[in-house]
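One structure is given here, and the rest of the page talks about it.
By written order: A, B, C and D. Residues from 1 in each chain.
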Amino acid sequence: MSTSDGRPTGVTHAGRVLHAGLHLLDRQIVEQGTGRMAGKVDDVELALDEDVPVVRALLTGPAGWGPRLPGLLGRLVTSVHHRLHPAEDPQPVAIDMTHVVDIDSAVHVDDQDLGDQGLGEWLDQHFIGRIPGAGDATE
Amino acid sequence: MRLSELLGREVRDADNEYVGTVADLVLVQDGPLRGPYAASLRISGLILVERRHVRLLGYERDVLPVAFRWLLKRLAGRISYVPWEAVDLDEASVTLSVRTADLVEHDPAYRRRTS
Amino acid sequence: MKKYLAVTLGILTAIGGFVDIGDLVTNALVGARFGMRLAWVVVVGVLGIIVFAEMSGRIAAVSGRATFDLVRERLGPRAALVGLVGSFLVTGLTLTAELGGVSLAVELAFGINYLLVIPWVMVLAWLVVWRVKFNTMETGFGLLGLFLVVFVVALVAAAPDWSALGAQVSTPRPPPSEDWPTYAYYAIALFGAAMTPYEVFFFSSGGVEEHWSAKDLTLSKLNVFLGFPLGGTLSLSIAAVAAVTFLPRGIQVDNLGQTVLPVAVYLGKVGLALVLIGVFAATFGATLETLLSCGYSVAQYFGWQWGKMVRPRQDARFHTVLIAVLVVGAMTLLTTVDPVKVTEYSVVFSAVALPLTYLPILIVANDPDYLGRRTNGPFANLLGVSYLVLILVASLAAVPLMIWTKAGQ
Amino acid sequence: MMRAAGLVLAVAVLCVSCAGPTTSDSALLSQAGRSAQSAVSELQTVDLAARTQLGDHAWWSYTDVVVTSSEDSMSAIEGTFDSRQPPTVDTDAVYQRTTKALSDAADLVTAMRISVRRHDTASLRRQTAQIAPLVRRLNRLGKLAP
């Protein structure tokens, strides 16, 4: 499936076959309208108890990424994230599949508040945002 | 359940014999309509590899270079496809309702399969 | 007309951008010790960076995905994390070396102690990545780096015995004064200096920053196919002029002052001034490239917003990484560690870290999901797989050879 | 490829077999040779830099940086060799000759650095003429290295 210029279309047509690990896991998540890079697909939530088993949501954030790292390192990432996160048992950000617009070399989602931008927001407010010129585009 | 919990898991057949490990999950976009964009991704089956700790790197499909495909096939052993209906999943194990001998080879030309 | 200008500019930039502190130091060092007997490695290295950069550039233009994005996508979080830590450390080490190179160029020009120059270079580099547009930055320093062409002029002015140089080129074995392990060690160092991973991170991420599409493939290819070989020619002339000047006198090159000395010998003050401008621009340009590459690789692994195409507030994490890396690099230099020694190690570790970033690119360059009909052809794959083998051998042999030869002593 | 690998292996075995204990005479001789070679490298660098300066092909602050780093390297080379002791009386003579030659070289480089700082062309020219005989002396010692 590709257009005349060779770019894969990735149109979400019915009957398309994807491999969950290959085509979803660890892909870049991009917000459709703004083109903002919104994280990696750190894990995928499956709905196995429904009549037809489907993919329910894409998970992103340290709570999704940490458990996939091996042994001590994985536990370290998870425990540091637990400690820094305000919630009792922090969960990864879940992007319900209804928000997924397109899947090609990246996963395109419609614009939405993705919530947990913890580190980025904190750094913006306490550090980067305070440096003159932080709000300007480069000339 | 999360995908990462499933990948790499050991799989046993109807006779409780070791078959291999879960290499990937095949999705077909013909599930019930959810949301404004498209049909949901239905889980249609598993791709199994005979050996443990092998990443197929996408070479379960028919892609080049030939040297890589050959090498990964050697590392992975038999690559087979099991329809979801034949998979019985519980907390820690994956069991199949078929025997190893009845497994079908995974079709590398994945784009053409519609099941 | 405007388009041709863009292409020319791109090529000129690639020539100036290819040579950095690693090439300046390693080529002069090797030329002085081995003559042109390792010249073939530069050719092999340049062809390697062409293969690697062409694939990355093509993927970036067609699919919009930069190198480290794909490393994580294809290798998964664990192996990609190993690759990330490795490439990040090597690129950070290279950044440290480049900062040292800029400061040493200023010291050679004005006699100001390089340690006093480092903080200013750090601030200047930060201001550029904070404020200056990608295109302006790349073109400006790339063009100034072209002054390094005086090495070619110096070589011609030296009127060397060309047939003797040619004879060295065609005897790919160590001179009587050196042994095979040392020869192999420096072969890997030269290979690493030519095939630094940051060049590819920067090239592909830069393509995304400049919004390349399939239409820009020609530009990308011209940059790669003309720019890198011409940059390699500069490297070879640095080695040749060192071979002509230093080898007969028994001089071993261990500082940047020696690297540029032949230019002063054959071309006088004007040559010396031009070469120092060239060194300054090339190492400052490489400072920016390595710095941004540190940010690109971390951000792309985690899927964070990155790049100079958005306002810093929108990619606060990316800009925080840049500042942190820059400060750590400058602090390292201020411990008075020898920047030339840092360079020598950084090129060797470049070779060590290469496979984990090269392999996924070679795989994705064959994936029609990304590239449609623009996947690798048979010839590209033949080269691609051959280089994978070469890169693996260099990567595995580098550290044992380093220990064995006591880092080439 | 196989031949190259074989050669690498052979050289490896040779290298390992000649490296005796550091206190032996041969170790001192080879250290003397290596130090002399390094000193020659620094002297030749200073020679070239000084001639370039005298020919008005460079400016003083540049020459100063080059000569100063050679001076630093020279004192490191001298210090390394000085810290050794001749293990037996047989090598006493070589040890003395090397120490003297290295010290003369270091002194000359320091004197030249001072001339460069003072922009003293006349002294620099005179000192440059002293390099060649010193290099010959060191080269004889350099032959001791394996």
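Here, a residue touches a chain if its C-beta (ideal position, glycine included) is under 8 Å from a C-beta of that chain, and two chains touch if they have at least 3 such contacts.
Here the structure is a predicted model, which is why all the values come from computation and not from measurement.
Under the touch definition stated at the top, chain A and chain C share these contacting partners: B. Comparing per-chain C-alpha centres with the mean over every protein C-alpha atom, the closest match is chain C. Between A-B and B-C, more C-beta contact pairs are found at A-B.
Chain B and chain D have Cα centroids lying 67 Å from one another. With centres taken as mean Cα positions, chain D sits 60 Å from chain A. Rounded to whole angstrom, the centroid-to-centroid distance between chain A and chain B, based on C-alpha atoms, equals 24 Å. Chain B and chain C have centres, each the mean of its CA atoms, that are 42 Å apart. Residue positions of chain A touching 2 or more other chains: 23, 25, 68.
Chain contacts: chain C has residues 74, 76, 368 touching two or more partner chains.
Under the stated contact rule, the graph of chain-to-chain touches falls outside the line, ring, star and complete shapes.
Listed by label, the pairs of touching chains are A-B, A-C, B-C, C-D. Put simply, chain B touches chain C in their complex at residues 55, 57-58, 63-65, 67-68.
On the side of chain D, the complex with chain C involves touching residues 4, 7-8, 11-12, 15, 37-38, 40-41, 44-45, 47-49, 52, 55-62, 64-66, 69, 73, 139.
By the touch rule above, chain A contacts chain B in their complex via residues 1, 12-25, 43-46, 48, 52-55, 59, 64, 67-68, 96-102. By the touch criterion stated above, chain C contacts chain A in their complex at residues 62-65, 69, 72-74, 76-78, 80-81, 130-134, 214-215, 299-306, 308, 310-317, 319-320, 368-374.
Chain C meets chain B in the complex at residues 74-76, 362-363, 366-368, 375-376, 381, 384-385.
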